[in-house]
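Input: structures, listed below.
Okay, so subunit A shows up in both of these, paired with subunit B first and subunit C after.
Then we have the complex of A and B:
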C-alpha cells in the first residue's frame, strides 16, 4: 500500500540551523495490519507519519500510496485523500470543546448526517461509551473516553489507513490498553500505523519499524500465528 | 444541525457571538448619522423644487431707466409658453431656523405684490393654502416653520423673533407643506422683479428658455437654488464619509481584535479540521459564515433599534418642533455599507486565511 522511497526531510532548509528529521528513508508497508514505528524522541518518527499522511511534504524523495506518488498531489487532492482514505489519532484527543461527543465523531464524516450519527453511535457503543454520554461535551468525559471518541472520529469514514501518533501517551495503563485493543481490531481489515516511543504498546504489532536519527534502523515483521519474528533487516 | 456548520458554533458559543455581534452592531449607528445628514439636506428639497419651477428675473441697479427690464417684461408677456407675476424689487429674507444638527440656516423667500399673484404661483407650485386673510405686509409660512419658530396664524412677528425681519409682518396664512420658505406680500407700487413659470418647461429647460429670451439684456436671472444647496452642503457629506471611515477603522480594529481572540482559542479546532481533510475552502467558508451570520444578526438588531430610535425621536421631540428625522436615507445606507464592508471583509479574509493554514503538526 505504502512505498516510501528515499525520503528526506530537512526543517529550516535555508537557515543556518537546519535540522535533518529524515535522511534517505525507504520503507514498504502492507495493505493491512498493525505497524508500529518506534524510536526515541526527535528520531523522525512523527515526521515520517506526517509525510505518509500528506500533512507534510518531504524535502526529497517520493511516497507512493496505492502506486501513486502522493508528494506531488495538489493541496485539494491531499485534502480529499485525508478525508476519504486516512484517519488520524493524535497524542491529545483534539476534540472540539463546544461540540458534544457524537458531533465530534461526525464532524468530518462523509454522507448523510443521520446515517453518520447512527454509525458513530455504533462505534462509540463498541468502544464502551454509552448513549447517555453522546450529548456530553469533551470537558465532561475522561481522558480515556476522549481518546476513544477521537478514534471513532478517525474511523467514521472507514479509512483504509489510520495514523496514530502516540495515541496512549496521555492515558493511564487501563485506558491505553482499551485504546490499543480498538486499534488492533481495526488492523484486522485495514492498516494502522502507530508512532510511539513506548515499546509495550507494540507487543501485538505485525511489523515494527525502528528509526534512529532520521534513518531506518530496523524492520521486524511478526508472524501473527506464532508471534515469532520472521524477518529482520 | 451539522456540527461543522457556522450556525452550530454561534449557537453553542452565545457569549462570544454576542460580544462580536455587538461590535458590529455599533456600525449601525452610521445609518442614524447618515439619516441626520440626509434629513438636514432634505429639508431644502422643497425649496429647491420650488426654485426649479420658477425663474426670477431681477432688474439691475445699473439699469437706471429700467429699459432692459421693461423690454424683457414685455417679451415675457408676449410669450405664450410663459406665465408670470411681477413684484417689487425689494428683497426679503426668510426666517432663520435650526436644523436637526443644531446648525442655524436660512432659506430663500419670495415676495409678491398681492395675494392673487401669490395664489397664482402657489397653484403652479402645488401649494394649498387659504389666502383669504393675506394682505400687504403679510407673511405666509409652512406649518413646520411655524412650529419651529413657535408662532401661529394671526401672530405679528418682528425683529424680536428673528433678526432677519426688518419690519412687522402678520402671519396670515399657514401652509401645509414641507418647505421652510417665507412668502411675503409687499407692494409699494414699484416693479423690479418677474416670477416666470411655465406649464411646458421646468428646471434647467425653463431656465435656458428664459435665458434665451432675455439674451444679452442687462437683467439678473436667478438660477435654481438646488446647485447652491449642493455646494453648501457637500461639506456635510465629506465630513460624514470621513466620520464613516474613522468609525470603520476603529471598529474594524476592535472587532478584529475581539475576533482574533476568538479564533486564537480555536486554533486546535481548525488544525484538526485541516488534518481530517475538511479542506481550506470549507474552513474559509465556515469562518466567513460565522462572521456574516453575526453581521446579519447585528444588522437586523440594528435596523430594529434605528427604527425605534427614529420613531421615538420624531414623535417625542422633532415633530413637535417642526422637524423630522428620516427613517432611511441613501446616505445612511451607503455609509453603513462602506463601514460594514471595512469591518467585515478584512476579518473574513484574514481570519479565514489564517484558520485554513493552521497546521496540526505544529502543536
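Then we have the complex of A and C:
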C-alpha cells in the first residue's frame, strides 16, 4: 500500500541551523496490519508518519500510496485523501470541547448524519462507552474515554489507514491497553501505523520499524500465526 | 463477537483477540472502492453528513453565542427604536407641514410687495392706515376671485405649540371674527366634538390632537404659559389637519396674516399671488404648501437624519469594536478545533464556510430577535408615550431597516479580517505537536 522511496526531510533548509529529520528513508508497508514505528525522541518517526499522511511534504523523495505519488498531490487532493482514506489519532485527543461525544465522532464523517450517528454509536459501545455518555462533553469524560472517542472519530469513515501518533502517551496503563486493543482489532482488515517510543505497546505488531537519527535502523516482520520474527535487517 | 443484529460487541475490542475480522462485514456493506481514486470520487459524491455545522457551535456554546446575539439584537433594537422615535416626530409634524397647508395658507407681505409707500411725507399716519386697509381689502377681494380660493381674511395669528418626542413645531392658529369661524372650520373639514363655538373675545377651539399634546381640556386656558389667561378653550375640534381657531382678545403681538382658505391645487401662494398680479419676494412670509414641504425637509427631516447619522456612527463603531474583541477571543479559543479540521481533511475553505455560517446564524437570529423586541417596545412606547401625546408614528421603516442590515453586513465584513488572519495561521496538528 505504501512505498516510501528515498525520502528526506530537512527542516529550516535555508537556515544555518537546518535539521535533518529523515535522511534517504525507504520502506514498504503492507495493505493491512499493525505497523509500529519506534525510535527515540527526535529520531524522525513522527515526521515519517506525517509525510505518509500528507500532512508534511518531504524535501526529497517520493511516497507512493496505492501506486500514486502522494507528495505531488495538490492541497485539495491531499485533503480528500486524508478525509476519505486516512484516519488520525493524535497524542492528545483534540476533541471539540463544545461537541458531545457522538458529535465528536461524527464530525469527521461522510454520509447521512443519522447513519453516522448509528455507526458512531456502535463504535463507541464497542469501545466501552455507554449510550448515556454520548451526550457528554469531553470535559466530562476521562482521558481514556476521550482517546477512545478520538479513535472512533478516526474510524467513522472506515479509512484504509489509521495513523496514530503516540496514542497512549497521555493514558494510564489500563486505558493504554484498551486503546491499543481497539487499534489492533482494526488492523485485522486495515492498516494501522502507530508511532511510539514505547516498545510495550507494540507487542502484537505485525511489523516494527525502528528509526534512528532519521534513518531506517531495523524492520521486523512478525508471522501472524506463529508470532515469531521472520525478517530482520 | 458480533451480536445477532450485526452490531459490534464491546467485549470484542476489550479482550484484544485478533483472529476475527470485525470490520469485514462492514467493509463489504460499505462498498469500499479498490483504488484510491475510485474511493475518493465515490466518497466526495456523498454528502458530508457529519461535516462542519454552524449550528453545533451555537448549540454547544449557548451562553457565549446568546450574549453576542443579545448584544447585537439590543444594538439593532436600540437603533431601530431611535429611528422610530425620530420618525414619530417626522410623522407627527407632517400633518402641520404637508396636510394643513393644502387647505389654508398664512401669508405676510412686505409693504413693498403690497405696493404701499410708508415713507411718503405727504401722507399722515391715518391716511397710511386707511391706504393699508384699502390695499389689504383689494388683495382679499382678488384672492377670493381666484380659482380654488374659498375665502380670505386678514387677521391676527397666534402659535399653538405641538411637541414631538424630539423637538416641537409651531401650529398657526388664526384669530377670526365670530362669524368667520364656522366658515373656517367647515373649510378645514373639522367638526366640533366637545364644547361650543366661540362667541366672545379670547375664546378658542382647539384640535383634539393639540389638546392631547398640550395635556389640556375644554375649559382650560390655552397655552397659559405663553399667553396667560388670554385664550380660553371653549370647544374641541376633530380634523385631519390639526385645525385650531379662535376670536382675538385685543391686539396680540403675534403678527397679522392673510389667511387664505385654498384647495390643494391652489395651495402654492407664490403662484396664486402672481396670478392676481402681486410678485412676492423672499422677504414675504408664505406659509403655504411649498414652505411646509421645505420646512419639513430642511428643518425636520434633515435635522433628524443628521442626528441619526451621528448616533448610527457612534453605535456602529462601539458595536463593531465590541463584536470584534469578543469574536477574536472566540477564535483564539477555537484554534485547536480548526487545526483538527484541517488535519483530518477539511479544507480551509470549508472551515471558512463554517465560520461564515456561524456568524450569519448569530447575526440572523439577532436581527430576528431585535426585530421582535423592537416591535414589542414600539407598540409599548406608542401606547404609553406617543399616542397619549397626540403624536403619530409608524412601525415599518424599510429604509432604516435596510440601513441597519447594511451596518451589520459591514460589521460582518470587518470580521473577515480576524477570520482571514486566523485561517492563515491555522496549522495542522503535526505542526502544533512539534
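Heads up, the rule we're going with is that the second predicted complex is superposed on the first by the 233 of 233 C-alpha atoms of A that agree within 3 Å, B and C clash if a C-alpha of one lies under 4 Å from a C-alpha of the other, contacts with A are read in each partner's own complex, and residues count from 1 in each chain.
In the analysis below, a residue touches a chain if its C-beta (ideal position, glycine included) is under 8 Å from a C-beta of that chain, and two chains touch if they have at least 3 such contacts.
Since we're looking at a predicted model, the values are computed, not measured.
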Subunit B and subunit C placed together on subunit A: clash or fit? clash
Practice problem: Applying the touch criterion given at the start, work out whether A:189 contacts subunit B, subunit C, both or neither, answering first, second, both or neither. | Solution: second
Inquiry  = Just to be sure I read the superposition right, which of the two partners does A:131 touch: subunit B = first, subunit C = second, or both, or neither?
reply    = neither
Exercise. Please work out whether A:28 is in contact with subunit B alone, subunit C alone, both, or neither, and reply first, second, both or neither.
Key: neither
Check the residue A:84 against both partner chains and state whether it touches subunit B (first), subunit C (second), both, or neither. both
**Request:** Examine A:98 and indicate which partner it touches, taking first as subunit B and second as subunit C; both and neither are also allowed.
**Result:** both
* Is A:218 contacted by the first partner subunit B, the second partner subunit C, both or neither? -> neither
Task = For A:158, select first, second, both or neither according to whether it touches subunit B, subunit C, the two together, or no partner.
result = second
Winner on subunit A touched-residue count between subunit B and subunit C: chain C
Clashing with subunit B: of 24-32, 60-68 or 222-230, the subunit C stretch 60-68
Interface residues of subunit A shared by subunit B and subunit C, listed 46, 50, 55-56, 75-76, 79-84, 86, 88, 90, 92, 94, 96-99, 103, 106-108, 113, 153
Touching subunit B in the complex, subunit A uses residues 46, 50, 53, 55-56, 75-76, 78-84, 86, 88, 90, 92, 94, 96-99, 103-104, 106-108, 113, 153
Seen from subunit B, its contact residues with subunit A in the complex are 2-4, 8-9, 12-13, 268-269, 271-273, 275-280, 359-361, 363
The subunit A residues in contact with subunit C across the complex are 46, 50, 55-56, 65-66, 68, 75-76, 79-88, 90-92, 94, 96-100, 103, 106-116, 122-123, 125-128, 137, 153, 156-158, 160, 165, 177-178, 180-182, 184-190, 204
Per the touch rule, the subunit C residues reaching subunit A in their complex are 7-10, 12-18, 20-24, 26-27, 30, 32, 35-37, 39-40, 43-44, 46-52, 56-57, 60-61, 336-337, 339-340, 342-347, 428-430, 433-434
